[in-house]
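The same subunit A turns up in both complexes below, where it pairs with subunit B and then with subunit C.
Right after this comes the complex of A and B.
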């Protein structure tokens, strides 16, 4: 019983971690809280839904097809709306601008796709496998594995490639990075694009296991913030740890407490970590 | 208090007294829709002013005003439901209870700087909504609570009473903002909001001023919630903790002019009537409008309408 709860918690936690990585990267490099992160997840879900509904492309493939579009979207938003704000006012103004963008996206989605709940039903949606007495649905299993692969891939990208190192250098010290020949402006634009892509990909991967509706983003954004704070802002490893903790905590709460306690867990963790260990569980020890 | 400080307060007071005679000129019985809009404008002035004291004066962006409004609304509704208190009597308590919630959130969130406060207030709004939904034996859950306001001091409740009460509450909010703006405290707020490091290095206890701003703001937002639930006569989690209560004050303050006393008032008086008419024709389209206007103002006109008259200090 307890093992099956924990296994399910870890599986959902891996997806949560992927949700949070886009947010943590943007925050780490630019110190910007991206309030439309949830709406980027929502758009990713709808993109996967439309491609599946119209052309029968599996969400697990279509996330790669739509990634360039979301990269361009994120870059344009950063380039034209956030980058021109003077640095002194950026922290507050960017909060308000991204909040405005989130409303534009959520309401537009409602006009385009209506408020109906949509689902992506794959051929194997009903199938389950049994692993250590735990029933695991195939879509949940595939989504979790894919999240894990993407998190590892993103970790390698950040630690091994030039681009990833440039992003981390910018995160540590803008001026020094720029002296070392990193084009900080371009890196910032690209990082924002990457953050939006990661959110949209998480949305696409989530689409077979969650309902899709225009205001779904707000559910995810709080979870993502909690994970980012849990793991330490800007840390990819932290997001992975934070995601799994949140997933397991939610699974335990919904089993042993009332089901409605599940959604409150995120806030309890959030406020608890602010109260006792604001630098995050890993305590800022990790560089990545 | 010098002459400079007294003049705006006198003007405010005269405006309130003059406007209070409105029900004698325009009959509330035959213009129900108009008085409904008047009420919404007054209440929104109070809420936007409350947000502005925290977000504009002290530079601490709150994404949780929906939570404050909801707590205030539920305080009035539950005191009425469980203890049969008159909703009017419970109104000040709505502010006090909300203030208590703010004490808790402030003590946690202001341990840290930067964006943690905005995120904590967002968390507060969501967690209080979930509690209101989940704690059925106390809050009736999603069923909601009915509030039936009796007469206030033998004045029967109706359009005229709501108008005058909301008008004076809005006036109270503006008075709070004015008193802060005219006092030395406003400079401390400004210093903390603009550059906290510099403020700290000058010996300003930045946490103290952030807390003061939060307390005043949450008190006013709680009152807003209380008066809303008296007026609607019904409160449930989705109406009490509506995200609009978070977004609308930000939007109106940004348009009117963040950090000024008159900004939120001008923003509200100009835009809420338009928004109400818009809302009755295209439901939820106002959110799209808010989003676009918010982005355009924050990006291109960050000082809002008040910024166009830069010389005026208030």
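Right after this comes the complex of A and C.
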């Protein structure tokens, strides 16, 4: 049983990590606590649901098709609602503005799709494979593997491409990046867009294994924040490590203690990191 | 000067229009979750209340006075529900409060009803404690959480246990960690299995967080205990995930049963990819299904709303009928006196409805509680339909067991 629990913990941890990456990138570059994150996940889920329901497109494909739309959405939100905020007020004001935006999108979703719960039921939704005596559903396996691939892909994007390096430079020191020819304003807009895309893609990938309703976003925000703090704010690797640690710790706590201890374990980890390593597990060691 | 006079006139006109409008109807305050995770349930109750009120108003209302439903969105949050209830009572001048969907909300609203001497009729919030606080203004027409499992207990003792031919059956019980789940666990399921410990061994009994994303560690623990019977007390979203993940981890048992709530909603079957096929669900029944009035109501509901109603719909519909019947005893024009008259009228009520007989009694520590033990049934999901299978007199088909 212990092997199954650890394998399941790692698989859910990968999904946790993907949920957190969009948040950590936006925070790392712009020091913005993006409360719209959960609603971006929700919109990604609905986009996957609609494309699957109307056109039969698998969520694992549609997440790539809808990515440009979410990039534009994120960029518009940043350009017109966050960028105009004076720099000295940005941290608090942007939190309030993104919270307001999240309400608008959640309420709009309710008017468009009603409060009904939706799910994406794939043809293989009940098929299971056995790996080291562990039964793993195909949708859960594919979602976790796609999360891993996307995290690695995003890591490579951040470390190998000009755009990724420009984002990291902006994160490290805006003024120097600007002097070195980086258009900090456009990098900020693009980073917010990328953060929203990552959240929406996480939503699309989650859609076959979770349920969808207009206020589902709030389920993910606390989890994502916990991982961002665990792994280190702004760190992609940290989000990956934080996600897996949280997934496995929760699984072990709920098995050997009581299931209700699962959430307590998450908060113990959260408080422990805040007390003993406030920069996060990998926060001080790496910027990526 | 001109503007002062004009604004005073407008103010008086506005005030007069408010008073005359309020005086012309019986206002019923409905704190309900219209947004947030419980919005799905809020919509069900809104439909049920509206259908019943429209029917009553079409016949001229109660003693010539029409019913007016005033909704306030609680988002299923107790704190918000308290402020909604206060607003409904003091600002909207409602004569009574109704519903609230969840036990947590009703538990918080009940003291507000008492403080403001306003009758509060419950049709779905089930936590026993709500009607065990000597609160004379709270009335409940449906079974409590402790009564939810009455039919299930009977079914397990009379059908499941004899059929399995084992000295002792193992049972795993997992329940949502909120007021409703705790109530069903504390007053219903756990005492039943403990009382019959010669026949049943409760090998797992654990609560879980409703918003969790992954229940597999818990389900693996249950699987490891190899239970004969798995009992689940869940809302909808957690119920869907549990059903899917039970399949995924390969948990098998002779019997899976829910205790109403999420397991009695059509969505659980469809959204779980039919994973709840053959699941039982025990809770409030769907009404007096052999009664001609019930059949008439159900076909009217299907025609109006295009889906098959369950326990929530019949409870909401009957709640308005109960209030309307009790409102016949209200004669005053002052809302404070009206509330007292309504309370007295509810206490004296003995009404046959499509949900069963409604009579509010004080017994076994309960106040103004309908003895609704009989209003429970075991239903089963078969080919996408939830049909009652026990007790025999309420059965729509034989149980597939």
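By definition in this document, the second predicted complex is superposed on the first by the 281 of 288 C-alpha atoms of A that agree within 3 Å, B and C clash if a C-alpha of one lies under 4 Å from a C-alpha of the other, contacts with A are read in each partner's own complex, and residues count from 1 in each chain.
Note that a residue touches a chain if its C-beta (ideal position, glycine included) is under 8 Å from a C-beta of that chain, and two chains touch if they have at least 3 such contacts.
Please read all numbers here as calculations on a predicted model, not as lab measurements.
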### Query
Quick one: subunit B and subunit C on subunit A, clash or fit?
clash
### Task
Tell me which partner A:263 touches in the superposition: subunit B (first), subunit C (second), both or neither.
both
### Query
Given the touch rule stated above, what does A:126 touch, subunit B (first), subunit C (second), both, or neither?
second
### Message
Tell me the contact category for A:12 with respect to subunit B and subunit C: first, second, both or neither.
### Response
second
### Task
Please work out whether A:229 is in contact with subunit B alone, subunit C alone, both, or neither, and reply first, second, both or neither.
first
### Task
In the overlay, answer first, second, both or neither for which of subunit B and subunit C A:153 touches.
neither
### Message
Tell me the contact category for A:135 with respect to subunit B and subunit C: first, second, both or neither.
### Response
second
### First, second, both or neither for A:110, with subunit B first and subunit C second
both
### Task
Check the residue A:100 against both partner chains and state whether it touches subunit B (first), subunit C (second), both, or neither.
first
### Query
So, does A:68 touch the first partner subunit B, the second partner subunit C, both, or neither?
neither
### Query
Which of the stretches 81-89, 135-143, 207-215 or 243-251 of subunit B runs into subunit C once the two complexes are superposed on chain A?
135-143
### Summary
Footprint intersection on subunit A (subunit B / subunit C) at 106-107, 110, 258, 260, 263
## Note on the structure
Within their complex, subunit A touches subunit C through residues 1, 4-5, 8-9, 12, 15, 106-107, 110, 114-119, 121, 125-126, 128, 135-137, 140, 209-211, 213-215, 219, 223, 247, 250-252, 254-255, 258-260, 262-263
### Task
Spell out the residues on subunit A that touch subunit B in their complex, using ranges where they run on.
27, 31, 33, 81, 84-85, 88-89, 91-93, 95-97, 99-108, 110-111, 218, 222, 225-226, 229, 258, 260-261, 263-264, 266-268, 270-271, 274-275, 278
### Task
Could you please specify the touching residues of subunit C with respect to subunit A in the complex?
35-37, 39-40, 42-43, 174, 177, 206-209, 211-218, 220-221, 224, 236-237, 240-241, 244-245, 247-250, 267, 271-273, 275
### Query
Inside the complex, what are the residues of subunit B that reach subunit A?
59, 61, 63, 108-109, 111-112, 114-116, 118-120, 122-123, 126-127, 130-131, 133-134, 194-195, 243, 247, 250, 254, 284-285, 287-288, 290-295, 298-299, 302
